[in-house]
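Chain nomenclature is as follows: A, B, C and D, assigned in order of appearance, with residue numbering initiated at 1 for each chain independently.
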Amino acid sequence: MSLRIMPKGALKAWVTRLQSRQFKVVGPKSLHGQYIFDEITDPNDLVLDYPTSVLPPKKFLLPPRETLFRFNARTMESHAEITVEPLIIFGVHTCDMHAIALLDKVHNTGYADQHYKAHRAATYLVSIECLKPCMEGSFCKSMGTLTVPEAFDLHLTDLGSDYAVDVGSEKGEELLEGFSSVWEPTESDYERVNNVMAAKWPHFSYRLECDVTELPDLLSISQKSPLWDELGERCLACGMCTKVCPTCYCFDVTDEIDLNLEKGERVRTWDSCQIEKFAVVAGGHNFRSSRALRQRHRFMRKGKYQYEAFGLMGCVGCGRCAAACLVHITPVDTFNELYRMRQSAKAVPQPQIKEPQP
Amino acid sequence: MTTLLNETLRQESIYIPTPARIATINPMTATEKLFRVALPSGFSLAHRPGQFVEVSIFGVGEAPISICSSPSHSNGSFELCVRSAGKLTNALHRLSPGGTIAIRGPFGRGFPIERFRGKDIIFVAGGLGIAPLRSLIEEVIADRGKYGRVYILYGSRSPNDILFSEDLKLWANAPRTEVHLTVDRTAPGWDGNIGVITTLFPKLRFHSRNMVAVVVGPPVMYRFVLMELLARGLADGNIWLSFERQMKCAVGKCGHCQMHHIYTCQDGPAFSYAQIKNLEEAL
Amino acid sequence: MAVERMTVDVHHLTRVEGHGNIVVDVVNGELKQCELEIVETPRFFEAMLRGRPYEESSHITSRICGICAVGHATASLRATEKALGVNPSPQTVLLRKLNFHGEILDSHILHAYMLVAPDFLGVGSVIPLAKAAPEVVLRALRMKQVAGDLCKIICGRHTHPIAMTVGGFTHFPLTSELEALHKRLVAMRTDVDATVELYSQLPIPAFERDTEYIALHKDDEYCFIDGVIKSTDGGEWPIEDYRKVTNESIVKHSSAKHTHNQRDSYAVGALARFNVNYDQLHARAKTAAAAMKLKPKVIKPFYNTAAQVVEIVHCLEDAISLTEQILKMGVRAEEPVPIARRSGEGVGACDVPRGTLFHNYVIDKGRVVGANCIIPTGQNLANIEADMRALVPTILDKSQADITHMMEMLVRAYDPCISCSTHLLNVKFE
Amino acid sequence: MTTQTLPRIAFFEFTSCEGCQLTVVDTLQAHPELLNVVEIVQFREAMSERGEDYQIAFVEGSCTRPHDETRLKEIRQQAKIVVALGACAHLGGINAIRNRQPLEEVRQYVYGDKADWFDTYVARPIEAVITVDAVIPGCPIDRNEFAMAVSHLLQGRMPNIPDYPLCIECKLMENVCMFQRGKACLGPITRSGCGAICPAYGDGCEGCRGLIPKPNIESLKQVLREHGMSEEEIDAKMTMFLTYQKMRLEEKR
């Protein structure tokens, strides 16, 4: 990993240059008072100093609606629809980078998902160091996602007049290729970077009352907590929390066919474990028939199941779900409430012993 | 000879199925039909009992269906017993022999049949649960000498809903094999047991020490059958169950079948009771 | 005549909006009965509005009619705005006008091509027409698509517009959308010219009957929204005086009400607007009118469809220049103008595809307490019957089938929107 | 394919604005092939020909008078499949608003002393009178959904209409949540499928596609209260399209 310095003023020229090299550039841009990741046609629209986006950059790697393959129902021919273009995502926050690390893991475990892999391979991630909390609901420091994971290609740190550019991969090098407005860091540049990094931590607070490493066990002993019923009462089952979450990746698959019943496609669309039908089987049995059970599943997945299955937390503390939820159900409050309930319980039962994985 | 799974994996996308022809269709009951699916020449299925395939009709959708024929009876084709329950399964029922479907798989782990060698086996099937079990039973019967006593318990809604009755007769005639049937509701001509599947247990004499149980049926059945089996001293690790969950991908991605850290499609659908007994929502 | 009694009974008039029957009874050559029955179910919109928050009125009343939904919404908003002291911004006025053209275009194209043209081209409907003359139908669909998309970028959709609200809009078109629209509108001229060409060749029946024509009027533009009420018999009324013009009455054979002004009946709609506002038409529309040999005052009811074609030309041209104007100004996302008071009474008027539409609300503390809507087709009903009475005796020599067909064509020419004409009268204003 | 073998479909309308049928006509703009895959035997709004031999009946509009019941039953007898087209047929739609007032009052208000000339009663969805096989919801229906539904019917299956809440679609569009704009929205309890077109154009969802199964109405009401709405305003919001459904839910309780 190597470090370069780029004056902020060069950013636009760099973006334009990348576009002229046939890269599609996306990044945070302001729309109706919110920020969304969208194609940057005018470099002036790119806002790197943004609070958070409505949907996470996940939408480019696992599009909300993606054609898996096209078919001809008469001839039974089918061919995959994997269309990717070299894509640079600018301004990915560190929490979202951690989420991408989880998505990478999931889609490469067992049978790899070629669609995700193709998008991922064509994508260049230019992440940015978060120097101050982006919004009220975020709790990245608690989740350990306030520094960038390995997954980046380039990582920017705002030094005031310049960006420190960490090069994380060959793909990252490729982006800087032939761009003359970057220089090797001097002693004082290193010092500036270290100062900025040291100064950022006090701006963030720990919001989780327990340590993140305790979460899986805390959740294990909270399967029967009365809190789930409380959440279930309030939850609207609107599914917004799962739509905005950078680590949610569940999907539904449906076929679409033209009116001649000949040509069609099989598409996958983002699904949500919060909706009624998510876990229904053919006999009509619903394995998570109540909102309480579905909320429990969601938080278990965030704080325990995904960690056990993939070794990475299923929540990165971005706070999007907290901001979206109309009935104020948030991961921090939920985890803290469970923790408090445990603390105040007189006799603390031993955590259950985990079964070996099959 | 290449396996269908290799063909599935060879595709540009794991989600692309391979076309296959329906060789024969045999109506079984009012709601179930037996399909024999012929693989394209040069292909084998090479499945394990308890595995399933994803069956597609282009334009309608896809659904997981257990392979109900035994691996040793495959010969370039395999069987599916399908209940019409929704869009894909209804569309399958409307097809005629010679029609084309498309399949992916086989997926899942299936039953660890090698661990059953030398043991008595009790099969407990409820309704359509007999389908995945048939594959395993046939395998056991075909290699009868390698296993101990075999008990087959099968509960149906009514005598008219009994699936694979011919097979049941053949199995009953196999050495050291007992077949016990029960129905929830009787019909004229039925002189067998009436009642839920657990009503068969009191009449059974078996030694649980060296025994495995394999249980497949609707979700409601499991808890009661488990109680019977555990009460008779079967070890948690010797009780095997197969789970049904909504599945949209069968390759551990779509999240529908997730129970705790487990993806039913990949880590199951067959599990030992020991593996899942502490998982809320599993049963 | 050979038969001593002839009856025409068109049960379920087709290719019109809503349900109507035509009943004609001729005994020994004498016309005994001649009625257009409106059998549409009463909808009770005015009663439904009572007690609802004023913000909902435009959304509820757009459901009076799927085809003039933008018109109803606009009239409703104008009534509310006048009641609550709101003066919309110049941008809102422009966007509303542009949006309105989208609806007029869509509706007129639908009527001219899909409902009326089959009569002249000797086919039963647009479906065989699509087989017999696919290029004609495709042209109509192409034009309709542009008109629909115009409404779409401004208010979301033309059937039950979304972004129109009291005091302004809740959504604004992007510059890129307007630019793309402008291109398509310009390109649409070819299809519109072909439409004029088509209608100048159709054998439209020359039947005439002089009547009073009424439309909204402004001196400086071909008026669709606001203005004053103007009659070809002379006379101008502020729209607040709409009751003096419409004089509604209930007739037993119809769930819609009849109206009359200075004569026994009057007509509204494209032909009325043409007759009242010819001077304000765009030059290209005047040329189109000349090509179809239309010059005010036209008193041939069957020519209403031709007048619609003239308006298609006008609205397209005006939509092009409005788009240019809006682009030049640049669209600002502005908050709707807030209401000045929570109680008051107001009348909104628009000339929708089928004629002049009035909405009149009384609002008390933010809730609608009294409402009256007068719909174009309701105003035309008495006039249609008068036309029928004049027409029947002149065609008694024809076969019954021909007479029936002729009567249906006459009614259809008015483009009646029966579903929306069934509303209440007798409003008690508290 | 010969014309003989094409499925025969017919359109009928009861109390409605006919906007859904117009949307069917609009569907042709993007799907002119529709005319090649079905035979339309009755479509009064668009054609004069009239056939009684249909297999699929699309019914628009609510049942609002005794006379409608007879016709609905005739349609049901003839058609193999009856599809409710749009909110009026599906939910009673806007028409059902009047059910909140005593019928006599409504009639008097509209027709005064001539009230009894006009035959009418409570406005109901058609499923209150006949069995409905499928629903294409919305006010008006969505063209693409209509085309999709037809393709499903041609495949011999029922249209796959979403029954999850609108918020799902809305979030995917990255709309500004109406609640953030200080407006009320029924998205959390209303069925998706419209592309969240109302929030996308700045208006809160009015529930025209009907309630999702098991809506958490109480919790949403609490949200509306928190956003400063009075009980009266909440009631108005919940009764623009949902009057009939809501009254039924209340009856059950």
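Throughout what follows, a contact is a pair of C-beta atoms (placed from the backbone, for glycine too) under 8 Å apart; a residue touches a chain by one contact, two chains touch by 3 or more.
Since we're looking at a predicted model, the values are computed, not measured.
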Practice prompt. Identify the chains adjacent to both chain A and chain C in the sense defined at the top.
Written response: D
Worksheet item: Compared with chain D, which chain's mean CA position is the farthest off?
Response: B
Worksheet entry | Most centrally placed chain - per-chain CA mean versus overall CA mean | D
Worksheet item: So which has more C-beta pairs touching, C-D or B-D?
Response: C-D
Fill in: Between chain B and chain D, centroid-to-centroid distance (C-alpha), Å
42
Worksheet item: When the C-alpha atoms of chain C and chain D are each averaged to a single point, how far apart are the two points in Å?
Response: 25
Response to the item:
Distance in whole angstrom between the CA centres of chain B and chain C is 65
Worksheet entry | Separation of chain A from chain D, taking each centre as the mean of its C-alpha atoms, in whole Å | 38
Worksheet entry | Sites on chain B at which at least two other chains make contact | 59-60
Practice prompt. Find every residue in chain D that makes contact with two or more other chains and list them.
Written response: 155, 160
Discussion item. If a residue has to touch 2 or more other chains to count, which residues of chain A qualify?
Written reply: 32, 254, 257, 261
Worksheet entry | Listing of all chain pairs that touch each other, if any do | A-B, A-D, B-D, C-D
Worksheet item: Contact residues on chain D for chain B in the complex?
Response: 155-158, 160
Worksheet item: Mind pulling up the chain C residues that touch chain D in the complex?
Response: 12, 14-19, 41-44, 46-48, 50, 52-53, 56, 59-60, 63-67, 69, 110, 114-115, 118, 124-128, 130, 138, 141-142, 144-145, 148, 155-157, 159-160, 162-163, 165, 169-171, 250, 252, 255, 408, 419-420, 423-428
Discussion item. For the complex, give me every residue of chain A touching chain D.
Written reply: 31-34, 36, 54-55, 64, 233-240, 243-244, 254, 256-261, 270, 272, 275-277, 291, 324, 326-327
Worksheet entry | Residues of chain D touching chain A in the complex | 31, 33-34, 36-37, 147-148, 150-151, 154-155, 160, 163-165, 167-168, 171-172, 174, 176-177, 179, 187-189, 212-214, 216, 219-220, 222-223
Item to complete: Report the residues of chain A in contact with chain B in the complex, numbered from low to high.
Response: 68-69, 71-73, 76, 78-80, 82, 106-107, 109-115, 223-224, 249-255, 257, 261, 264, 266, 268, 271, 273, 278-283, 285, 287-288, 293, 296-297, 300-301, 304-306, 308-309, 352, 354-358
